[in-house]
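Every chain is named by a letter (A, B and C) in the order it is written, and numbering of its residues begins at 1.
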């Protein structure tokens, strides 16, 4: 088990390298020279060259990559070109906000998604199923930035229950979490429902009924347990989705975080910051898949057996 | 005095499709009734009806009644029916490979029956489980109880399923093709175990199979099902000596005999018709060598024959009547 | 019996939800095509004295900050949004099918390489992929189109690959092969046509997601550039005015949501008619 875990973590290394190459090289295709943003109009070519040397932009790309990677591994993410501060500082400032928002949204959507999925599956084809699935469909088809703005309009402006924007206090989290969470809830509800229906058609469920167990107990103790395996797998794979939602929603609610930082630095062509943001998001995705594999092994003895 | 399990004139439908047509069967304590037929003839459906589990597959009893120990199951509440299942009626499924919950330990799956129905404590239930597994000649019972289903062989899993069926101290066991999915050597063991249970514990056993050989080996009575209708029913001896229904005769003809050349095994030409398109008259007539216009037009009535009953316009009169 | 003779896309319209959804989609597409005929207003002529008018008999959905009729812009916006997402998905499906079919057919290191890259991109949110790509290509309709196409490439590659992998083992392929059919023949004549239905239906469903993605890019100001209207662009402009003139952002969002719901409902009916639910799920 432990050896599997070690191997599984080591497997992330080549993935990390591949991702880092992609992130590093993509950013060098972006048109628009960040140096332009820094130089006063009409600066001399010498000043420009000096600036390029200072940020290492004059070396060949593979060398730049090597330098960048070795620094990244040591936790040095470079200096933001526009903000002129260590990127690590910017990230350290933004990350907790994003983690709090993403984590809560994940929790919210898992909880509600599973509950709604179970209720829908238990009432398959009847009105609670139809209502839930209709709501889920609607929830997953609204652009999240639009939903966020409408929620803001309704609850902050008209009703005045929550602050319009910013990140002060827990009440400022409610609407953003809701906005991201509704999309996630839709996804999880759908998977849970299908997985429940699929699992309750399995052979062993017939025998559970034949043993005289109550239908509710069968559904909640056995069927749901099986249904949760694909739910967890897909959820782990789709942690990126939640983060993607967070990017948009952070901008809408003007919250500090990785998303806001990413969008801002993208528009300012601030390479080092964009690279760091993408790297953080990529790491979150990789850790998500790792977590998914671990949870799957914890939940399914057959998976454990296949691993050792 | 009525039998332990009695189906009288039971009709079963799923949606609008009628699948079983006036089936009457009974099985009593210390007795093994073999229910035979090809796949699609309605054997498993009969088992589900007897267990009161038809709603699970979207089916329902449309006519007649199923009585357990003299009580009409249709008149019971869901809770009462549930109290019978596992407690007084044990069920052994067709495919042991998929019958057990793959993510639960074997022991817990067996324990739950005696905890639920006999009110045993956790420790008493697991002690009882170990006892049951040992009785079923499972080596290293404690290790098996601690294992997950995927760690066991098919034959072992089927013993576990039998142990689960026995855990509630039932009066009746319904075994739906308990050996089909298993190796030949293991098949014999499982049949032996079931036969011994009836002798030692005085159980009633409804043994569903498509193998007349198994019937000849352990059953007291046999009921032959074809396309949702009872073709023939009666004590094993006389029926094997002189099957009245040509379908029964054909099934008996399918038993491999010692000394038979390989490949000489007789199959029955054709297939069981779909429930959506049952032929008129006798449902067996398209495959029957004795079929006449009468068979094509009129449903043969189920008439008494010796100690049994048969539904055929042209019943056979002896072993030589095998078509 | 006549119902069976109709092609599945028509039969899907006979489902209650499928019919309603299909009707909406036809209406939106027709409105987009006929926009100049339908609307008395121009989408780009500014009339500042008419700015910020709430919905009225004259301007059914009100006017924006430049006094332009919102309904008109919405209808013209449908042209941009639908064509950008539609063409992007078409592009994505074509590339994805080639890539997925090749991976499944040739197997070996090529398959492993494709699968690894596809799985990797698949776990990244489409919006992030699209954002980066638009940043590289530059904002505008072309950039958006390519970005969306690449963002969904992984999905169609996966789906096609899974379909071909299942079909590959089936008897009729073995039969064709034993009759001496060549690789290309089997792939083009037998495998791809059979894999087509699930891929096309999921392409339709993805078009719904692409509409949302296009709107989101538009919201960040990276989509079609003014004055060309797109649903996302309209909402982007409206987001700054959400407290002053909420109708500017309200209606485009509603149209997006209803259109995507309609695509999903119609897609569901189509899946039911084609009886491919299992095959759709196998690859998800």
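Just so we're on the same page, contacts are C-beta pairs under 8 Å (C-beta built on N, C-alpha and C of every residue); 3 or more make two chains touch, one makes a residue touch a chain.
None of these values were measured; they are calculated from a predicted model.
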item	value
Comparison of A-B and A-C by number of C-beta pairs in contact, larger one	A-C
Farthest chain (mean CA position) relative to subunit A	B
Between subunit B and subunit A, distance of the C-alpha-averaged centres to the nearest whole Å	53
CA centroid of subunit A to CA centroid of subunit C, Å	23
Residues on subunit A engaged by subunit C in the complex (per definition of touch)	15, 18-19, 26, 29-31, 137-138, 141-147, 149-150, 152-153, 157, 194, 237-241, 243-245, 247-248, 251-252, 262-263, 266, 278, 281-282, 285, 288-289
Interface residues, subunit A side, partner subunit B - complex	202-204, 206-214, 222, 225-226, 299-302, 305
Parts of subunit C lying in touch with subunit A, wherever the complex brings them together	120, 122-128, 131-132, 135-136, 138, 208, 212, 215-216, 219-220, 232, 235, 239, 242-243, 246, 249-250, 252-253, 256-257, 260-261, 264-265, 281
Residue ranges of subunit B in contact with subunit A within the complex	51, 53, 56, 82-87, 89-91, 93, 95, 98-104, 112-113, 116-117, 148, 150-151, 161, 164, 168
